[in-house]
Amino acid sequence: MTTVEIFVGIFEGFRVTATVTALGLLYAVPFALVFGVAQYLTKGMARLAITAVIEFWRSSAVIILLFVFYYVLPVIDIQLPAITVAAMVLGLNAGGYGSQAVRAGLQSLDRGQFEAAAALGLPRRHILALIELPQALTRMAPTFINQLIQLIKGTALVSLVTLTDMTFRAKEIAESEYNPVGVYTSLLLAYFVICYPVTVFGRWVEQRIGGRKGLTNEF
Amino acid sequence: MNSDGQPMRQTAPWPVEISQHHSAHPPDRTVAVEAAALNKWFGSFHALKDINLAVPQGSRIVICGPSGSGKSTLIRCANGLETFQGGTIRIGGAELTGDEKQLQKIRRTVGMVFQQFNLFPHLTVMANCTLALRRVLGKSRSEAVGIAVHYLERVRIPEQAHKYPAQLSGGQQQRVAIARALCMNPRIMLFDEPTSSLDPEMVKEVLDVMIDLAADGMTMLCVTHEMGFAREAADQVVFMDQGRIVETASPATFFAAPSQERTRLFLNKMLR
Amino acid sequence: MNFDFAFAATTLPTILGVIGTTISVALLSCAGASILGFSFEIARRAGSLPAYLMRFTIDFIRSTPVLAWLYFLYFVLPHWGFTLPALVVGILGLSIYFSGYLAEVFKAGIDAIPKGQAEAAKALGLNRIDVVSFVLAPQMLRNVAAPVGNHFVSILKATPYLAAIAVPEMLGSALDIASNTYRYAEPLTVVGIVFLVLALTIAQGVRLLERKLHGPTNR
């Protein structure tokens, strides 16, 4: 096999990589918005409960979460396809990080925005939806894009629960073909061509939001 | 240090290497800073245009002028924080060559006080004052502390020595910055708007320290819009506009009868 | 089949037996990633060509999954004649992967030092080395301490990836128990809880450190 053939062979796993990413987003985005807003709005016990859920998804090691859910759910008689479990775990982990961006974005808004809207007589949910969230969204954008990259890269994990993604394909090819340099360079490149545009886009967004300072040369 | 542990106010000689460097022209030690035909560009922007200015040893010169007129740029050229493209600058008679080693030597003898204080936030007041004494002049810890205490007393905050800059008010921070510069026993002190980022009630405590210094005969080149200070302490007032020195006069003449129209307009604005 | 709490408890000592490996790997990888990341950032300030090359290197690393790096090093290094213990390969892989993030930490930590600091130090006659070592470096270290701590938590949570290249850390030992006893749920749940507790504890420690460093005394 030539390196090009290896690269193409690895990309046969792209469908799974893309599917897990897309399904993962279906978990991540709603979780981030709902729990981030909830953490922002609640107080006391309710906030504690919400924080606990967020911290569980955010602070656990995602690879272990995947194994735990993959092996523990069947024990308590919940049979789910591996791809669903993977998307849920990866998505909620990314969503946990996203929720913190949502909360921080909302908290960083000038209090005057809320007061001005409230003074106009807008109900709370309208203030949130029309005044606070749209402004907070720009501040969250870099974290969201970063989490998207983390999610895409995180999908490499599904190869460990026997899903035929790009990483799994690389290992398959490596078994039939002794060409570690070709196989694993291609694997790095395969993810690179997917994630790099997102990385560059993220940088661009970050630059647009907060005008960066120049470099100092003292060091 | 004399017998009672106080450092003597004694002016350090100019570094030998610097004066030897220009043996063809014997250095004129009576002029602390001298700019001749100085020109400075930021890219295509001409920031300083043919500046000629001499600060004789023992004199006090105040520079004023509208924002963007090049005051900071000029004063920063005087200790090599900015490079320049035309003309010469002499410090104590020695011409600035841009050589890093020479600059370091010269900077020991030129104290600078910044608008933003620029105290080192991770060091106590004492450590701010002793850092250069120890690292640059190689003083022992106890000697450095003795000198620092002396100058902190002069700026009237010896009791704050163990605190960190963030625990001090703006006025106190600026006085520490002055003490830090004085510790090096400089031949000249440069001030770049030392009171303009202070709350009004703290301006006086800093100006009082500066007036004391002036009374002691310290050579000072001072960018400030404190006209009271200029009247009381300056020998000469220099007015700059658009990168040029427009007018130089004694304070009495400068405020009472400026010769240039631009100076008059500026003063009208300043004095309301 | 049911979740057996008694059995779960018996797996705890075995799993905790290798907690030392997990923590050492995380510490060494964090040190490696910091050194690499710092070097990238310094190189980036050396001129426009190095800036471009380093920017690309950092973005490349950030666009590729840690698992792909581990496989790459594990299978390619021996091919090139470097046969290293799996543990070393793992530390190397985590160091490279996280250097992309640590570089950003050092960038922010350096940029946050006001320009006037170096100027004031120079105005006092300090030489370049002293300006860096007595004025800039201490402030940079204080600026990066908390973010490096946060990345240490991320690195710790990435150590179970090393199970994929047969490093005997906590996830590996849990999977060993699982394959010997045919019970997956219990050891995996235990290792998940251990990681969660570890991560939350260290994160709390980092928060305390942050408060101490940026409290009322300093700045």
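Each chain carries a letter (A, B and C) given by its place in the written order, and its residues are counted from 1.
Operating definition for what follows: contacts are C-beta pairs under 8 Å (C-beta built on N, C-alpha and C of every residue); 3 or more make two chains touch, one makes a residue touch a chain.
Everything numeric here is computed off the predicted structure, so don't read it as measured data.
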Contact graph of the chains (line, ring, star, complete, other): line
Maximum centroid distance from subunit A, chain identifier (CA atoms): B
Interface with more contacting C-beta pairs, comparing A-C to B-C: A-C
Chain nearest the global centroid, as defined over all protein CA atoms shown: C
Centre-to-centre distance between subunit B and subunit A (centres being mean Cα positions), rounded to whole Å: 54
Gap in Å, rounded to a whole number, between the CA centres of subunit C and subunit A: 19
Subunit B and subunit C: spacing of chain centres that average the CA atoms, whole Å: 46
Multi-partner residues of subunit C (each touching 2 or more other chains): 128
Interface hub residues of subunit B, defined as touching at least two other chains: none
Partner subunit C, residues of subunit B touching it in the complex: 79-81, 100, 103-105, 107-108, 110-112, 114, 116, 118-122, 131-132, 135-136, 164, 166-167, 177, 180-181, 184
Complex contact set, residues of subunit A against subunit C: 55-56, 59-65, 67-68, 71-72, 75-76, 149, 153-157, 159-160, 167, 170-171, 174, 180-181, 183-185, 187-188, 191-192, 194-196, 198-200, 203, 213, 215-219
Residues of subunit C touching subunit B in the complex: 114, 116-117, 119-128, 130, 134-135, 138-139, 142, 216-219
Subunit A contact footprint on subunit C (complex, rising order): 1-3, 41-42, 44-45, 51, 59-60, 62-69, 71-72, 75-76, 78-80, 110-111, 113, 115, 118, 128, 131-132, 136, 140, 153, 156-161, 163-164, 171, 175, 178, 184-185, 188-189, 191-192, 195-196, 199-200, 203
